[in-house]
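Each chain gets a letter, A, B, C and D, in the order it is written, and its residues are counted from 1.
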Amino acid sequence: MSILEIRNVTRRFGDLLALDDVTLTIEAGEFFTLLGPSGCGKTTLLRLIAGFDEPDAGRIFLDGVDLAATPPEKRPVHTVFQSYALFPHMTVRDNVAFPLNMAKRPLDEIHERVKQALEQVHLSDKSGHYPHELSGGQKQRVALARGLVNKPRLLLLDEPLGALDAKLREQMEGDLIALQRDVGVTFVFVTHSQQEALALSHRIAVMNEGKVEQVDEPDKLYSFPRNRFVADFIGNINMLAARVAETHHGHLVLQATDLGAVAAPLVKGVKAGDTGVLALRPEQVHISSHAQTPELKNHFHGIVRGLLYLGDVTVYKVELDNGMEMEALLANSAPGRAKFFEVDDDVTVAWRHDAGLFFHD
Amino acid sequence: MKFVHYALEALAGRLVKWLVSLPPTLFLLVFFVAPSLIVVLASFRYPGEFGGLASLLPLFGADSGLTLETYRFFFSDFVYFEIFLKSFGVAALTTLICIVMAYPLAWLIARSPKKRRDLLVLLVILPFASNFLIRVYAWIIILGPFNLLYTSFAVIVGMVYVHLPFMVLPLYTNLEKHDPALLEAAQDLGANAWTRFWKITFPLSLPGIFSGSVLVFIPVLGMFAIPELLGGTGDILIGNLIKEQFLDNRDWPLGAMLSIMLTVAVLALAGLSAWAGRGKGRMA
Amino acid sequence: MKFVHYALEALAGRLVKWLVSLPPTLFLLVFFVAPSLIVVLASFRYPGEFGGLASLLPLFGADSGLTLETYRFFFSDFVYFEIFLKSFGVAALTTLICIVMAYPLAWLIARSPKKRRDLLVLLVILPFASNFLIRVYAWIIILGPFNLLYTSFAVIVGMVYVHLPFMVLPLYTNLEKHDPALLEAAQDLGANAWTRFWKITFPLSLPGIFSGSVLVFIPVLGMFAIPELLGGTGDILIGNLIKEQFLDNRDWPLGAMLSIMLTVAVLALAGLSAWAGRGKGRMA
Amino acid sequence: MSILEIRNVTRRFGDLLALDDVTLTIEAGEFFTLLGPSGCGKTTLLRLIAGFDEPDAGRIFLDGVDLAATPPEKRPVHTVFQSYALFPHMTVRDNVAFPLNMAKRPLDEIHERVKQALEQVHLSDKSGHYPHELSGGQKQRVALARGLVNKPRLLLLDEPLGALDAKLREQMEGDLIALQRDVGVTFVFVTHSQQEALALSHRIAVMNEGKVEQVDEPDKLYSFPRNRFVADFIGNINMLAARVAETHHGHLVLQATDLGAVAAPLVKGVKAGDTGVLALRPEQVHISSHAQTPELKNHFHGIVRGLLYLGDVTVYKVELDNGMEMEALLANSAPGRAKFFEVDDDVTVAWRHDAGLFFHD
């Protein structure tokens, strides 16, 4: 059942078209993410849902009811702000009790639910502390507890992990998934980090310049991006300029400059003579020493020009004979060996004939 | 060698420290300790032959000539107590009116676009760039035709008028620092405009209100020009009393004693409010 | 239905806006426009029969009775110009001395441990909690035995004494905000203590020096009590001149005119310094 | 040739032993990283090298000369601060010229070298701007240019990427490597991010509680951590509690509770009966459907309990029969397939007999 429906919403700020005819449906119980570079309109959309701003055109429905006439304080939608926006003059307990006090709940119920909410975020021992006495991660958890305690229909999260450092962010990601599963509240999460989006979400809407480019599950989005922007924004990707030579029944034959024929999966609507790029993920590119002849159809000679050692994986930057640089990612799965190749090694890069996606210009 | 080097360095370090702490020490000595001592001593002296003060120099000789006369005088006459009480009442009322008048003004400035704020602050200060007396005389001209001159009302109006900017500025400085996200968060969590003000804006502005109150309350207690020019004969405050002793009666010991009693009363009040507000220092 | 709802809401919004902008508008009208108008008008009037001012009411009738007499008087007598010049000189000198004295003090407070800072600020303000007149009289007692009373020196001492905290506080507020990492960075990149002060601390403190200078310079120009009590007959400043017209000569038009000329001079100076400092607003 | 020698340096703050008898040697031209959790003493050490603080015991030599008597402004060592510490009242040009002015260089040389330094960090077009007009990444590059312009013997970098967001951080990492290679200045880099350390450094010193735990090249550190702390701090690692059953000539035979025998590489000084943990990297753990019998010696049944989809790789959390959770990382190398396994799948986890490291208690 859809809980939130955004229908043809447009929002302008002066000359800037912040949201351009956006239509989205969010299902009840989902962890839904709005992902995009800064300025793509994701935060604007969040503010429209919360009610801090009004659309110039279009409508927003919550549980089938148009929200236009409902002020923010009447919407069963709570927000976790990027800055957390904890009330500095209230203790953790009073911060979390705030929405319940506003809803004029009986005192003993407030007491009970605040206690429960603080347990959920593992902060029972901090209930008498003031926000400035907490670490960044603890503040973040108080903001979460405050947003969830009065069981909103939607919880909006505006880059809540942005202010945390890497190690803590990773840990909070796990906590967020567990929390959302436990409380069963629908989450609408805004982020510019594709890694956060992939790790957390049930579904992701990729936004760019006020438009929704693609809405899909993380693995679909990563494996089958609808266009070049999505392909490039989600994860790293190699872009090999090529021209379509033939379209076979099952696949395309591409011609890459100074490289030769490349087999690629068929794309609808593409015909011989089209130019474009073959987008290929680094982890789909195999790399082997020159001596071995790979059994894969697409294989080309190259020279290792650089490598980025990341511990669990290493990214090799290989220069092909046509001068194009291609990245290949290898997991360091053999014990005690961190690198399989060194800079200046002659190697063969190869990929399956059904790997990659062709985007025409 | 090394040792000598370090010893010299330590010495130089101490010299710098001493040079840096000299000005504040001097400041306190010259500007606080010395005048205060003089005032305290003066309050225990007899008035001089032609008014003023018997010379202070014999103090350090055999004839110290100290007396509790002025203090006995103060505590024996109930009229002083009455004037003190009235002065504190006027100061409190002025402070209260200033808070009520300054709040919307400060709030409006803090909420206006950033580049317009400086201009608005300037507009608040501007009326007070001109001579103090001029401004009081303007009020004489305004209040005269309404037969409101030489009344307690006129005194309060003058007091509020002169001290209002000292309430507006600290309040504005405080309100400007408020994170607008806090109000959005409160609204998001179900608070209407009224609740947002009383639960968020007001408690967070208390330090600003406090600063402003100090800046209004204390000067009002020392003010003598406004009661003199705008008030009636019954509107004498401590400030006038003290000024009279120095300028008109030339009874310096009495003036000094009154000033000491005023300082003691203010400090007692400050201590009381610090005690009442203890543990609230956590506010951001 | 919907339309009516929106129309009502828009109306309510405007009402709120109007209510909120009412107090500042009233403030400006009552506290700035009205008194200023009165002063400006007064300066174009003749003195009243028994001093003061001929009633302002006929202004709005047929007999407007305006005159440029006082202005002609001002420009025809060179002594006014001299007093203006001297007053600005005293104000500038006082400001300069305040800067030199306040800087080490403010710096020391800003560099001391956080919890001690409030106490130190209190110590700077404390001497000024007592009555203004008392403090001036303490100086009479101090300067008297040295034969320094009733001299220009005594006037400057008094002026500096009274206005010093208004220089210390904005300077301290500014210096406290300086990021200590900037000084470390400068040292790291090869700057010794002297260079660090002149290249980093001092330029960054210019806004504080400016605020403090405004808070000292302008009040000094209006001050009459200190020249009167500590200065000789030759130490008359504009403040005294204006006060005399109102209190002693009761020539209100002349007083009003002088006050207007003073305001004009200050505004001209402010404009000049803004023009000289244009483009330097980038400083943090 | 060693450029910096830190010999038995100790620093106390009250009761806290911030540095505990630290000895380190840094070679000329190196990109050397001090890595550790917050409070490990890495920043304290950096401040001792810069001269902002003095050691309680021990000595620091730069080019063979004891630095003790040299104040910070006289040391040929510059620092890039975490907050950048750009002078807000100076333009970009004046900021970069500052160290040259302090060194009293001739004006035309200053002009030339500032121009060159700004070109190196791609900021020539911002030379007249003030710091507050720059983005975070640009500020960072100005701080770098200012630190390098007077060619210090050492450049100290105090978590310079900490304030940047993920995408920008990644890009700056590449720029930093290139810059250090081009200018040839020795870098001493402080960070708490193991990923940054691995990607950037020639050598890394891992610090913990004021002590240096291990100094090594990134791949050695990752593959052969000297102790449990280093193994755990660098990258993710599975810790399998086990007891040594036998020590063979070539390998160990371990006994894991409720699991059975596990083969592991030999560790010096370990004897039968010792208890400890087998530390195993997730990318060394193979995972296959239950039907297949892997050819690897160590293989155990498990159930997939969760997965973290990261696009290029997926981390599977597998519960073994003894209740222990083991992470396995797989690169998503097959086109169009993001996940090989789903939650609750029966799988076999396996690893080579020479994978992992045994640490005894």
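FYI, contacts are C-beta pairs under 8 Å (C-beta built on N, C-alpha and C of every residue); 3 or more make two chains touch, one makes a residue touch a chain.
As the structure is a prediction and not an experimental result, all values here were calculated from the model.
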Mean-CA-position distance for chain B and chain A (Å): 57
Euclidean distance of C-alpha centroids - chain B vs chain C, Å: 17
Where the CA atoms of chain A average out and where those of chain D average out, how many Å apart are those spots? 26
By the touch rule stated above, which residues of chain B touch at least two different other chains? none
Hunt down the residues of chain A that sit against at least two other chains at once, touch-wise. none
Edges wherever two chains touch, nodes for the chains themselves; is that graph a line, a ring, a star, complete, or other here? ring
Each pair of chains that touch: what are they? A-B, A-D, B-C, C-D
Per the contact definition, I'd like the list of chain B residues that touch chain A in the complex. 179, 181-182, 184-192, 195, 199-200, 203-204, 282-284
In the complex, the residues of chain A that touch chain B are 50-52, 71-74, 77-79, 81, 83, 85-89, 98-99, 102-103, 130, 132, 146-147, 150
Which stretch or stretches of chain D touch chain A in the complex? 162, 165-167, 192-195, 198-199, 218-220, 222-224, 234-236, 265, 281-284, 286, 308-313, 329-339, 351-352, 354-356
Per the touch rule above, chain B residues touching chain C in the complex are 20-21, 23-24, 27-28, 31-32, 34-36, 38-39, 42, 53, 56-57, 101, 104-105, 107-109, 120, 123-124, 126-127, 129-135, 137-139, 141-142, 145, 161, 164, 218, 222, 224, 239, 242-243, 246-247, 252, 255-256, 259, 262-263, 266
